[in-house]
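Labels for the chains are A, B, C, D, E and F, by order of writing; each one numbers its residues from 1.
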Amino acid sequence: MSVAEREPKIVGFLCNWCSYAGADLAGTSRTSYPTSVRVIRVPCSGRVNPQFVLRAFQLGADGVLVAGCHPGDCHYSTGNYFTRRRFLLVKRFLDYLGIDQRRFRLRWISASEGPKFAETIREMTEELRQLGPRDAAAVEAHAE
Amino acid sequence: MNALAVEERKAVRLADIRPVLERLAAGGKLVAPVAEAGGFAFRRVGQAEKVRLDFYNTAESPKDLFFPQSEVLFSYDAAGIAVPEPAGEQVLLGIRPCDLAALPLLDRVFGEGPFRDPGYLARRERTVLVAVACDRPRASCFCTSFGLSPGHVAGADMVLYPDEGGYLVRAQTEAGEALMAEWPGEAVAPGEAEAVAARYRSMETPLGRRIRLEGVAEALDGMFDHPMWEQIAARCLSCGICTYTCPTCHCFQLTDEAKGEAGKRVRCWDSCMFPEFTRMAGGHNPRPDKKARVRQRFMHKLNYFVRRWEEYLCVGCGRCVESCPVGLDIAYVIEAVQGVTARA
Amino acid sequence: MAVVDLTEAAKGREELLTRVRELAETDPLACYQCGKCSAGCPLSFAMDYQPRQIIRLVQLGMREQALGSSTIWLCAGCATCTTRCPRQVKIDGVMDALRQLAGQDGRAPREREVAAFHTSFLESVRRGGRVHELGMVGSYKLRTRRIFQDGGLGWNLLRHRRLPLKASPLRDRKTVERIFRAAEVRG
Amino acid sequence: MRSEAVRAAARRLLEEGKVVRFLGHAPGFDPTSPFPQLITRAEEAERLVLDHFCAPNLAKYLLDYETQEGVTAVVLKGCDALGLARLLADHRVARDRVWVVGLPCPGMLDRDKAAALLPGVQEARAEGDEFVLTGAGGERRVAAGQVLLDRCLVCAVPTPDDADELLGEPVPGRPVPREEDAAVAALEAMTSAERKAYWTEQFSRCIRCMACRNVCPACNCRSCCFDSEEPRWLSRVTDGPAQEMFHFVRALHVAGRCVDCHECERVCPMDIPLMKLNHKLLQDVEELFELERAFVPREVEPLGIYRPDDPEEFA
Amino acid sequence: MKLAYYPGCSSHGSAADYDRSARAVAGALALELVDVPEWNCCGASSAHGADHRLAMYLPGRNLAVAAGMGMGGVVTPCAACYSRLNRAHHWLAEDRRRWLELSAAVGVPYNDVGKPRSLLEVVVGDVGLEAVAAQVRRPLKGLKAAAYYGCLMLKPPEVARFDDPENPRSMDDLLQALGAQPVRWGFKTECCGASLSVSRPELVEKLVGDILDNASAAGAECVVTACPMCQANLEQRRSERHRLPVFYFTDLAGIAFGLSPRELGIPMHLGEPLELLRGKGLLAAGEEGQG
Amino acid sequence: MKRVGVFLCWCGSNISSAVDLDQVAEQTALLPHVVHVEQYKYLCSDPGQETVRKAIKEHALNRVVIAACSPRMHERTFRRAVGSVGLNPHLMEIANIREQCSWVHPDKVTSTPVAVDLVRTAVAKAVKDIPLEPSYVGIEKRALVVGGGIAGIQAALDIADSGYEVVLVEREPTIGGRMAQLDKTFPTLDCSSCILTPKMVEAGQDPRIRLLTYAEVESLSGYIGNFEARIRMKARSVDLDRCTGCGDCWNKCPYRSPGEFDLGLGKRKAIYLPFPQAVPNKPVLDRATCAYFQKDGKCQVCKKVCAPGAIDFEQQDEILEERFGAVVVATGFDLWDHGRYGEYGAGQHPDVISSLEFERLVSASGPTDGKIKRPSDGKLPERVVFIQCVGSRDEAKGVPYCSKVCCMYTAKHAILLKEKIPSSQSYVFYIDVRAAGKNYEEFYRRATVEYGAQYIRGRVSRIYPRGDSLVVVGEDTLLGQKVEVEADLVVLATAVVSRSDAPQVAQKLGFSYDQHGFFTEAHPKLAPVETNTAGIFLAGACQGPKDIPDTVAQAGAAAAKVVRLFAKDQLETEPTVARVDRARCAGCEWCRPICPYKAIEMEAVTERVGSGQVARRVAKVNPSLCHGCGACSVACRSGAMNLLGFSNEQVWAEVEALCL
């Protein structure tokens, strides 16, 4: 497959209560979206260790999505506030290390937001397609 | 080893070494010191101008060229097992006498006895060693304590002696002579070359650090439980700088990296200074504290290795002294042992 | 009364809001129209729109009415409104902003005299770095053709030595001229 | 500089029985690299020195005595004291088991800079804003700015504020703009690919000696995730991804906890610019969470709390 | 105590009397006032309606110059100037990037000189009422005075940061310390409309009338201000029915300290301010003369 | 040896039509540890589950992967199925190949690789599964109710009525709370006392309710089912067992001071009954105003007149320690202090009063015996201005929220005013009238139409005295004109705010509160009476401004939650909770503040080092409190804290398997 055709790979960490349920809703309402995403279910977005995220990138993920309940709606009341703080930093830090911050997304997706989940995957897939595979950019810069 | 036993071979004088470096670099096999992040490092070099023969000793020893920090021993996938091709030829230019003296010690570990390491031996075999007589020792150097000197060049295929603004180049082996065959330069009489070599051999290190080694190994036999170790350990950070920069340390571990059905077995450096170095699968650690680990390192270098091979596992390169962030100095340990024996 | 076409007003709404937010460093949309500002305004009796209504005009994007009002000129800048606003809207700042916008639009001010006073005042500052009251009032009178207003008062002040004839400008008169220019550039 | 003062303090504290051990510095193989020295008897006090080369931060050593009897005295500079504050905030050391001998620090010298200015330098003394270096090569007078450690040039906390006793008068901090932030900004100005290349090159030199971790007062875990077998957070293989993982995690684990002491960078034998990682995070923590002086440990760390009105970038 | 002094434009004109009494009283209280060299107009009530930047730069320059003097802060007797200086100071304090912008615009490097203070603030806050009382030679016994603060010295409070914007006390306390009797009244902080005094006198007359009515109803015999705009406006725009003299607080402080009306410039006021003082027995025989 | 069985569900054609399951099966069979792969049409059906059970036995499976619909659908079903043949239910994982694969990727060519990945990932996780067991805790079937207002009383009565013991703690000398201070209640105008007093008496007499008045909870520890409370009984100086409530003491006490219950509008004695209907109907001695304590140790009139000898000057505070299974918090609210409104006179003008003061003035049991006399001169006010939203909806000086009850009680006040002083005229300044409630809008209409209250839309800017009346200046925003009213009395509807010590109470009891000091419910919709601490429930205005009907409803709900808990003998807790590896834990306590359930505490452990023993502190998770969110596991840098069921190893393995 040429670079242009290659479907980007997204690892999605979805919180069980909102976003995973939102993704399920996209399914029950048969809202189709690109096959780029693979989901890992976690109890809360606050469970997502940034080390998981970097690991996914290192193993070849083109993008990583972390999704949780909207701030204020966390099933565990405060988990996603910590998530937000943590990933505000992590997003910038990944970018600082040369992993373009457009490759990482944190989204608030509630259980009723099936369309938002599908839309998020569509958007991300499109953007990642335009960014191209992750290593290509780095390899190019290295060659200079 | 007797440095004087080297057979007389070709020697030339080079006023300008650049053409030679260019030729070596063009061959794509040159590994030489380059400037890097405020210090120097041995790197594969494509352009001669990057080579820095005015270097002082590199932060890392060149042992990595023979015993890489991570080395794939074999890999496997659904199709079967693959062993990597042996390494290609290389020319290591600029190895200092101390590091050069470390190689025979590693040779013992990897090349003698029942288990011989094919990867290591292949790399040793295929490397032409071009030593540089040491004209830039550092304050931390104490090679002379180990019977070495800035002019100790046994084992090198060829030696560069900085001399009169240029270099006197002397071949010591056939391989060295062969390499030199195509070189320009004005031939030098054997006596003249030997005079330069002898001058280097007689040089002292700048601080003139000399540590008395007599009786150290023997004294350590009875010092396993000596309180001195606690004093020493009190300073140690438990980092691996000393072991990883050391040209003679050679501990390693094996690790398997699996990815689905594929995977590889990799040999990686390890350090006796790390708490998990001896931790066993069940969690038990026979060397549970810093004291035990620090002691292990010095016992290994100054006692166990001597017991087995009748040589100290140290060449006085001073790297551990130089790099240790808390100034934990092997010479200090040796002196402490001497002090203990003196008192006893 | 005319019917306000809100869709029409909405066209310029964002722009007006943006400019006001920039200049006044406050958000007019925070206002919930309680009227506390107008109730406390010492000059609201003379205004065509209450201060609250001016904010409302801005909220709806009704630029014409807001910039053409007498209110923005009659505001004395006492900040009583801002001090009491439960929504922390800087209403006095909004008035300032609207006056500036009116000036930028080149619109004839609804309160000619008030505007003329400010112009004369700033002219005097620009010229000498400090206001020379007599000169400034003179220029104002010429501008408004109200030559005889407050004649008696002026005389009284002169008599009490509170209206010096001579100005006392800065030594380097360009000092303030340069500041005016710098502000114009930043605009 | 203050060798006599520190010896006197050590003698007094040990004689009075106020402490059972005293952590200070002693001369190393060369006087410009003193090492940490533990003494337990008053008569050993003679071994101690305190001069302009005593850069090593002794705070971390307190962990070694965490479970041992008795009070430990320790010589701390302002920056080191933040390291102790870190250990206290992390409940790793109890304050009442430590006796802080504070050194109001006029700045420590960079032995490489000093050696470059005067080869064979052995000693230094401060004279106003200058230092006089002496050694085999004679004597040389240099401006403080030329020879101080980079971190000391921008030191905001030369005097420990939590000391039990001070060796001298408090020294005010230097309100010098942070040049390191310029280094961060320079990296931020690069493209993503350039940054990737930059860090790949830097990390490739790493030999994983772990000195940065071991010296760091914020890296005070009892067992480090890098040493974990299950999951293997960090591969033992020193390839690109593992190096990146190591440095990413090290920096992130001290994010909001780093006390800006620069010890990691000082000890790195491969001269990897680790503070560029730490400073980036420090700066972001301050900006994003509206904190001032985020390098000063506080009761609850920036990532241990949240505000409902934290910046929202993720809608 | 040494302070940078920003007199304001009216000190050279309609408030020359205030300038006199302010300096005299400061002298009596050992306040050393050093004029900000080459000070410029703060923009008063005109600049902020014309150009936001100008309204910051004009007072900003004075702050920058004052900071360069290395004094214990900057003080102004004028409430209008006080307000403009504080607005600029507040604007600058909000964002340090503005320091550079201002420095470039006015050609003087800006450094923070501290919050600009009014003379009243300095007298009540820094000097203190005890020190003031200690200077009193002629207590203003029986003088019923309405302390009138006006708007600009107090509002908006986050900028002015001085006294309670609705129920200020500082000038009342000061009057009390001088021996006078401050009256309770409802218009302490109502705006007198000074900025419209020239252009819309008829509106201003109503505001002035309301203020003076309320003061009279509360039994005041005089009104005391801390602002040249208020003083002039109350004096000039009142109707025939109002006879209350309008003083600067420095006038009454000066009288209490034993200074003569002449030194304080009181005869320069319009109306008959001396009559009241005379009636209260506050003037010595020799002091009855001309201004 | 791990033996994984994988079961692929067709879900009729829901999955099989969009995913090539044969191919999935083929590729899955190649995975390490997978020993059995099987397809079935409807795995969730009885025969489907039987297939799984049979295979477990036949192939000695010790891990099961079900590739089917979402785990949110049938996780429980399959856990049960697996458990029924003796395999630990947590050795089962689900790959969601329906909702997140076949239904969203209808094209077989592209969907099949997704399914393969998902199944592989589930297998990787399953390999790392370990058996998990739930834990059980006993329940102390006694409830603690904190706060004796209408909310606390109602909750206590409901719980007691279900047969459980209740301890009701009230810090004032009597129960009754704010409601006791009110005159009439909207929208029915019942007399507040008439409906409250019977409940107070009932609470005082119910043998299952123990009233602890003049008492405060000092601390609460423990967890759901097993709380331990320390309760301070403040020294009342009156022996409640001996006192008969005869009244001799307070009648004879010579010292008067402003009474708290009447907000200082009336006087009470140093030994006093807060109000006649107080429960218990026994006095308290206020040592701060009693001459015996403050002056000379003499007086002692009360002691002399007390026939039963109930006065005890020596009484000391006493600490009770009690165990409870659940707690209801009903600590009520306060009113905002209008002293911060300088423009309304900063609380200095006697005739500018708060609405609660108005309640006391209008109350028949109040200091004026129900005559509305204004405080300054006792005059009957003819012109009364009511101002709404004083402090409410005011970010600048007050609180940003709406206090919810003011619109209605102000309408009530206008009505009561007109009833008591028929010649009076009321003016109500409002911003919006919020009358959302049964019969509320109608009630408000009555105030305007029948009682002639003049409603003016606008916030008052200033109140200042003119002569002996007050001038109120506002804008009629509907008119667009400034208006002035001269009033005899101004009543401010001050905001409902949390108790000033609410944060301390929340910290002491261990749950969270919002930026305004109101206690935070666990979920605004689904758990409105729970706190985020299991076993602690909320009732009344301590959770947010609330009127009486809402308060009583919430109290009932809280009681129902308590009773629901007490109906069980043991609590089974989910096994997917956090767990600490003590050997790795450094005791840094980083995990502690992050836990929303306070499930992490520190414990001391001793361990051998060399030849000696050393003690150190490590984290410990209380599985009864832990909800399994895993936030702590991320806060833990060393990985000592882990989450069972979603462990570091498992997620790590999932990432690696996914990214193959």
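One rule holds in what follows: contacts are C-beta pairs under 8 Å (C-beta built on N, C-alpha and C of every residue); 3 or more make two chains touch, one makes a residue touch a chain.
Everything numeric in this text was worked out from a predicted model, so none of it was measured.
A.B. asks: Leaving subunit F out, group the remaining chains by who still touches whom.
C.D. replies: Result with subunit F masked: A, B, D | C, E.
A.B. asks: Moving only to chains each one touches, count the minimum steps from subunit A until you reach subunit E.
C.D. replies: The least step count works out to 2.
A.B. asks: Out of curiosity, which chains are bumping into both subunit B and subunit E?
C.D. replies: F
A.B. asks: When I count C-beta pairs in contact, which pair ends up with more: B-D or E-F?
C.D. replies: Pair with more contacting C-beta pairs, B-D versus E-F: B-D.
A.B. asks: Computing the C-alpha centre of each chain, which chain sits at the greatest distance from subunit C?
C.D. replies: That would be chain B.
A.B. asks: If you average the Cα atoms per chain, which one ends up farthest from subunit F?
C.D. replies: That would be chain B.
A.B. asks: Nearest whole angstrom, what separates the Cα centre of subunit D from the Cα centre of subunit F?
C.D. replies: Once rounded, the distance between the two centres reads 46 Å.
A.B. asks: Using mean C-alpha positions as chain centres, tell me how far subunit C is from subunit F in Å, no decimals.
C.D. replies: From the centre of subunit C to the centre of subunit F is 51 Å.
A.B. asks: Counting only Cα atoms for the centres, state how far subunit C is from subunit E in Å.
C.D. replies: 23
A.B. asks: Between subunit A and subunit F, what is the gap in Å from one C-alpha centre to the other?
C.D. replies: Each chain's C-alpha centroid was found; their separation is 35 Å.
A.B. asks: Mark out which residues of subunit F touch at least two other chains, giving numbers and ranges.
C.D. replies: Those would be 343, 583, 594, 609, 635, 648, 652, 656, 660.
A.B. asks: Among the residues of subunit E, which ones contact at least 2 other chains?
C.D. replies: 165-166
A.B. asks: Where in subunit D do residues touch two or more of the other chains?
C.D. replies: 223, 225, 233, 303, 308
A.B. asks: Okay, what are all the chain pairs that touch?
C.D. replies: A-D, A-F, B-D, B-F, C-E, C-F, D-F, E-F
A.B. asks: Residue numbers of subunit A touching subunit D in their complex, please.
C.D. replies: Residue positions touching the partner: 50-51, 54-55, 58, 71-72, 78, 81-82, 84-100, 105-108, 137-138, 140-142, 144.
A.B. asks: State the interface residues of subunit F toward subunit D in the complex, per the touch definition above.
C.D. replies: Touching subunit D from subunit F are residues 515, 583-590, 593-594, 609, 614-617, 635, 637-640, 648-649, 652-653.
A.B. asks: Okay, in this complex, where on subunit B does subunit D touch?
C.D. replies: 36-39, 41, 59-60, 69-70, 139-140, 206-207, 209, 231, 234-235, 237-241, 243-245, 253, 255, 257, 266, 268-269, 271, 274-276, 290, 321, 323-329, 331-332
A.B. asks: Mind listing the subunit E positions that touch subunit F in their complex?
C.D. replies: For this pair, the touching residues of subunit E are 164-167, 186-187, 217.
A.B. asks: Can you name the residues of subunit F that touch subunit A in the complex?
C.D. replies: That would be residues 70-72, 96, 98-100, 103-106, 110-111, 113-114, 117-118, 121, 512, 520, 522-523, 532, 576, 594, 596-597, 627-631, 633-635, 643, 645-646, 648, 651-652, 654-656, 658-660 of subunit F.
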